[in-house]
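Going by the order they are written in, the chains are A, B, C, D and E; count residues from 1 in each one.
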């Protein structure tokens, strides 16, 4: 089956500045692609290129098997939610949402039915007669969503569509989007900064940085096997701990040594059959460092560490300790007895460790 | 010491629609007040009223001990980050940021120093010569922040200032804001939908709904002792489980009975000296329901429950079970063996339970 | 030293040179001449400016004014008395009485005449007339007959521009020609209701209707000089127009009597259009008063009269100026004027604002032009004429 | 204190204009009203005489023609200029490479004095010299285009020349409006699958409603004051078939020395304008208030 | 992989036909634009050709034909020799008068109009709409009515016949329009900008100067075009309120063109008219560059 979206060697520059560099992505029908990356890395620009709103500098773009590189936006059969909303200022909310349908000749009854459905879903049914100027930020954002949701395009493009909603509503909306995706088997490209959103919604995540794709993979791949230091550091909150370590062969396994200020180095051992250089960066997520006794597993290894800082955060408590010259964060349960300035037994789950080359940043295992 | 901001019986309506109803808040110097509430509840409107950008319909407002109800915005000594950014479109980023200083007659050298400092902090130093139209969403938001941060006002007002930033940057910014708060002892009113932001930054949280304040308290109070069902449900993600239960006196303790579909009711017992009615809504956060064996505590009680759904989410796995006619979520560690359709032993931490009256929604314990 | 600010609307090449002569002479006599030319609408624009100047308390010293407008301004109390110059220069003796009368306000002199234009000229293309064996007509019947003949020969008999003032010009020549000088006086000068409503007037309108039949259908809005060009170029045979049309012929190198002929319009009489300068009250500013007097003296003096009128195509207002240098048309004009002055057939042109004040004149023109450009019956036109005049009184 | 001052700043800024308008517009209208009740001839006189001037005015067929012409001319002129101006603005807004040149071509008629362009138009429209002759010269002997000399059609030539002269400016006005619309919104509409013309009709043009008000006022002003146009093109003729109130008024005030009559016609004209403009203003300003 | 590079022939066809359609549309667009340009240019064509003919040719030939023999004499005459009264120096001496009337007139009325519009759009107070309506209605006052009382006023102010007097008159009667233009442009600018500036501590004038003026380029152009044209081409005020030394170029043009009983020199008339319009055209070209799109880009979201 032809990919619904196929981008080849796409380049985009504003004058001398290259914004997107050799982007290659393809999406199968029914894929839910989430684009993540630091602010300013080119996500919105990529969506704009897909939608045909910005002329591309080079490369090719197919939608549903047809070359769309030079086709005008309105003929691409795409629905888009803009980061800046871009609501029609003179139209009421209802009109904003139904206008596209009206133009496409959907009959009045269907329009109204669709409008009602979407408005209820987005909880904006009491606002239908307002103008955008009379709405709150989150309400505007939902109207922008509504405008896309009444359509059934080949491809949805969502640019941070939930950023201004409260947590509860966001969870609800996320569920609705997931439903939409599943029931309609819609193909979606979705930009978000919310990692939970990315994880729960995506079938495929693209991580970008400075206009270059860093990794494409399923959420689990991205999370568990980040392709490089950037991805490792970028995905997950709090970020993965990236700890410089010295590696030595020790029979079939590796002996890993991590320096500690004013203490003997911490020594761990990885029995997996790997081929590691002498210096590595060891990546371990905070949740893979637990309080001793709260984590079970074949490769869980314990060690006592000095606690530098304790940060309670509702459900969890974060504990920070200095390892390998870095602040290493461990995620503990809320009732931990850890106190700053006191040692604590921590359990490291080595099965979860990623190793990276210090120079290139590329993954080693 | 006089409160830095003192709002008394503030009301605001647009025509016939009451947006804010009898708002009473006061902030001591150095307070970090976080406003949370569902989209459209009136948070931005409240900020606008504080800033003097919207005339208020009733009530009074003092800043630093002076009545400011009718004072013009520019004389209130306030800095504000707008939810919609409101950047000056014809000015470069640098000009956008320094404009306020220039207006206030700060000398050139100081302006440049401040600009440099803030731009570095916000990581927008390479964008200083761009116009807002040439920036990404997150970059715009940071410029909006920059405009506020170069000043040293009596009061900062931030309206969702980090909503369009990626997680990493957001954490960094959050830290910077916290630093700003601590080093300058600045007084801040801050709107956010990010609960972690709310929890980690606030010294005081105000929860609003439909223009009415629901609860004012420290983050711990709000999280652990929500004043009513709304707050309980609103704060925390995933939300607190709110389970209808029957209560019976059982000597000094309460016997709590929760219905289950096709099974005998789940029975728990709360030994605390409380005075509960026969029907209650029992509130328990997902993290207070753990897999048996992973939670210790005096009042942890175990029971076997049927698992309806398992949702892995990176660091955690959520497990949903049907209790009291509700979908109850438990937060388990990532390696749980729970499988949908199979029973699982869960540990309920009754020390953490909140009880609410079903009719009024008010907290009972 | 004498100073004069002169408001006038003589701006085009020939006219301007003519006034420049006056300016020269004024300067020679030590005067300071400030020129304030405002052309447009046959002086309308100048009159507009004049009103603004008067109201703002700063009137020009001398203004090109003519006909009853002089008296009208006098009634507003803004004109100066120049009787002492007039008497000194014996204007009363050298000016035709009718024309002198226009220069007087309440019995004293308040304006100085410059020239006399004859309005009731009919110009003909000599070649066409000769080819068709037509002599210049002396009655309207003759004219009609000749026109029919020309029409049959495929030549537009009458070149005409359909502008209200041109319609009025033709109209007044017809009134004069068909009704005679006395009727003209009654109808268009005295505004006698009976005359205006008379059968003669109906006949006049009938003739107007006939004349329209002799005009090509593209006449509306045409400038008078384009009509003249039609005669010059042999597209049309006749044009009824004041003697300024001669300037166009001459400018195009045509010779009177060779290429074109000039004659009085059918009938008897002389319709004049006299340009003059009125002196405005400038208070007791001695320089300006002196300027006014000097100006008045120079204007009427023979030397200026001669040079000016040679330039402009009109004839001197003085009867004692030698016409040796003038062309035949001018000589004819002068001869007729002197003759007609004696038998009362020297009459002011209504179409050029000499006979009536603005309001009734305009009212009449409205009817004339409406009649000429529509299918209104003569009876209806006469009725409207009476109404309009009554309304304008 | 400074606060109080501040609240007054906007009013203080408006004050000079307000005072100027009170004196130079409403004061003068009052003066005109007064004069319309007098027998003023070439110069104003201030003795009240009654409503005689109005009676006379309504008895004048020429005034009727002038007013009817105003409705006809005004209506057509405003509508056509508006439509054409908007259309050209939209055309020019399509990233036209030679926009500068074309824009100037569309605008230049405003720059030329009608006294002279009127002559050119007169020639072009004249059946003997202009278009009719030219087309007939191409062999279409039956071709007629004689509006200029046809009393029933001459008013349309005024419309033609008027539109020619003013539509360029309306285009500029609309172009400025178009350029102020946020590009993101247009993008959103494009993605929404809205065809270009609908984007204009449904999104851009509605958000330019205030610009329409500007165009309307400017055009009404031009329509009412069209004086040069008529004088140069037809001189009000054939007959007075193309007279407009402005030419009537001018004729009365300055050619015929009947200020009282001119004043009364001015008052009537303003009353008519008032009756047409005020409801529009009211609805327009109301709508903008929220 | 194979089907990723596979492009259906239909798709290719459709996109070429779409591209063809687009080109056709574009061509049609240009055709329309050029057609209208021709229509607009028609009278200019007549004027220019006439101005290049000799008077003889005009008298004898067709009025709207191309010149048989080109002469620039009429232009020279118009510029420096045509008589505008006893003075025969063409339009040259009058240009400067118009310039020193028009430039201050345009600047003052545009600036005040911009300030007024700014108040009406962004600083509304009770009664502001009423004042605005009064101002607008003022746009309709017939100049014929204004003329005489204005003359009296100028007399009282001792400005009669002076250039400042003319500037004053043009400013006053231009204000209604400039205010209208700016007000109706400013109401479309997001209010958030004013708010942000207020928070930044800027007051009324500062906000106007720093935020609004830079946003106003297109409407400034419109206002300048309008006012410049109105003032430059004004005849009635110019002829009524000027003195001998202060007559604007329109009065001179009128004097050249509009004589009643003199010989008509159409070629000089046309050349004069074009010369008199050159400064205005210059303004159109220069100002036209600032019809810039998207000045508000990136300011607010929503």
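FYI, a residue touches a chain if its C-beta (ideal position, glycine included) is under 8 Å from a C-beta of that chain, and two chains touch if they have at least 3 such contacts.
Computed from a predicted structure; not experimentally measured.
Enquirer: Can you give me the shortest step count from subunit A to subunit D, moving only between touching chains?
Expert: Minimal hop count between subunit A and subunit D: 1.
Enquirer: Using the contact definition stated above, find the chains touching both subunit A and subunit E.
Expert: Where subunit A and subunit E share a partner, that partner set is B, D.
Enquirer: Taking a step as a move to a touching chain, how many steps at least join subunit B to subunit E?
Expert: 1
Enquirer: Using only alpha carbons, which chain's centroid is the nearest to the whole structure's centroid?
Expert: Taking the mean of all protein C-alpha atoms as reference, the closest chain is E.
Enquirer: By the contact definition above, name the pair with the higher C-beta contact count: D-E or C-E.
Expert: Counting C-beta pairs in contact, D-E comes out ahead.
Enquirer: Using CA atom averages as chain centres, what separation in Å is found between subunit C and subunit E?
Expert: So the centroids are 40 Å from each other.
Enquirer: Please work out the Cα centroid separation of subunit B and subunit C, and write it as a whole number of Å.
Expert: Centres of subunit B and subunit C (C-alpha means) sit 94 Å apart.
Enquirer: Can you work out the whole-Å distance between the CA centroids of subunit C and subunit D?
Expert: For subunit C versus subunit D, the centre distance works out to 36 Å.
Enquirer: With chain centres defined as C-alpha means, what is the inter-centre distance between subunit B and subunit D in Å?
Expert: Inter-chain centre distance comes to 59 Å.
Enquirer: Touching two or more other chains, which residues of subunit E qualify?
Expert: Residues 147-148, 150, 203, 235, 254, 257-258, 294-297, 301-302 of subunit E each touch two or more of the other chains.
Enquirer: For subunit D, which residues are shared contacts with two or more other chains?
Expert: Only 6, 44, 115, 119, 126, 182, 184, 207, 250, 253-254 qualify.
Enquirer: Using the touch rule from the top of the page, what residues of subunit C touch 2 or more other chains?
Expert: 40-41, 45, 48, 51, 55, 223
Enquirer: Tell me, which parts of subunit C touch subunit E in their complex?
Expert: 5, 8-17, 19-20, 23, 33-43, 45, 48-49, 51-53, 55-58, 117, 223, 225, 229, 232-233, 242, 244, 247-248, 251-252, 312
Enquirer: With touch defined as at the start, can you tell me which subunit A residues reach subunit B in the complex?
Expert: Touch list, subunit A to subunit B: 14, 36-40, 42-45, 83-84, 134-139, 141-142, 159-160, 163-171, 193-196, 199-200, 219, 223, 233-234, 236-239, 285-287, 290, 294-297, 311, 313-316, 331, 333-335.
Enquirer: For the complex, give me every residue of subunit A touching subunit E.
Expert: 1-3, 6, 26, 62, 65-68, 70-72, 75, 83-85, 87, 132-133, 135, 137, 140
Enquirer: Over in the complex, which subunit E residues touch subunit A? Could you list them?
Expert: 3-4, 6-8, 11-12, 14-15, 18-19, 22, 301-302
Enquirer: For subunit E, which residues count as touching subunit C in their complex?
Expert: Listed in rising order, the residues are 55-56, 59-60, 82-88, 147-148, 150-152, 154-155, 160-161, 235-236, 239-241, 243-244, 251, 254-265.
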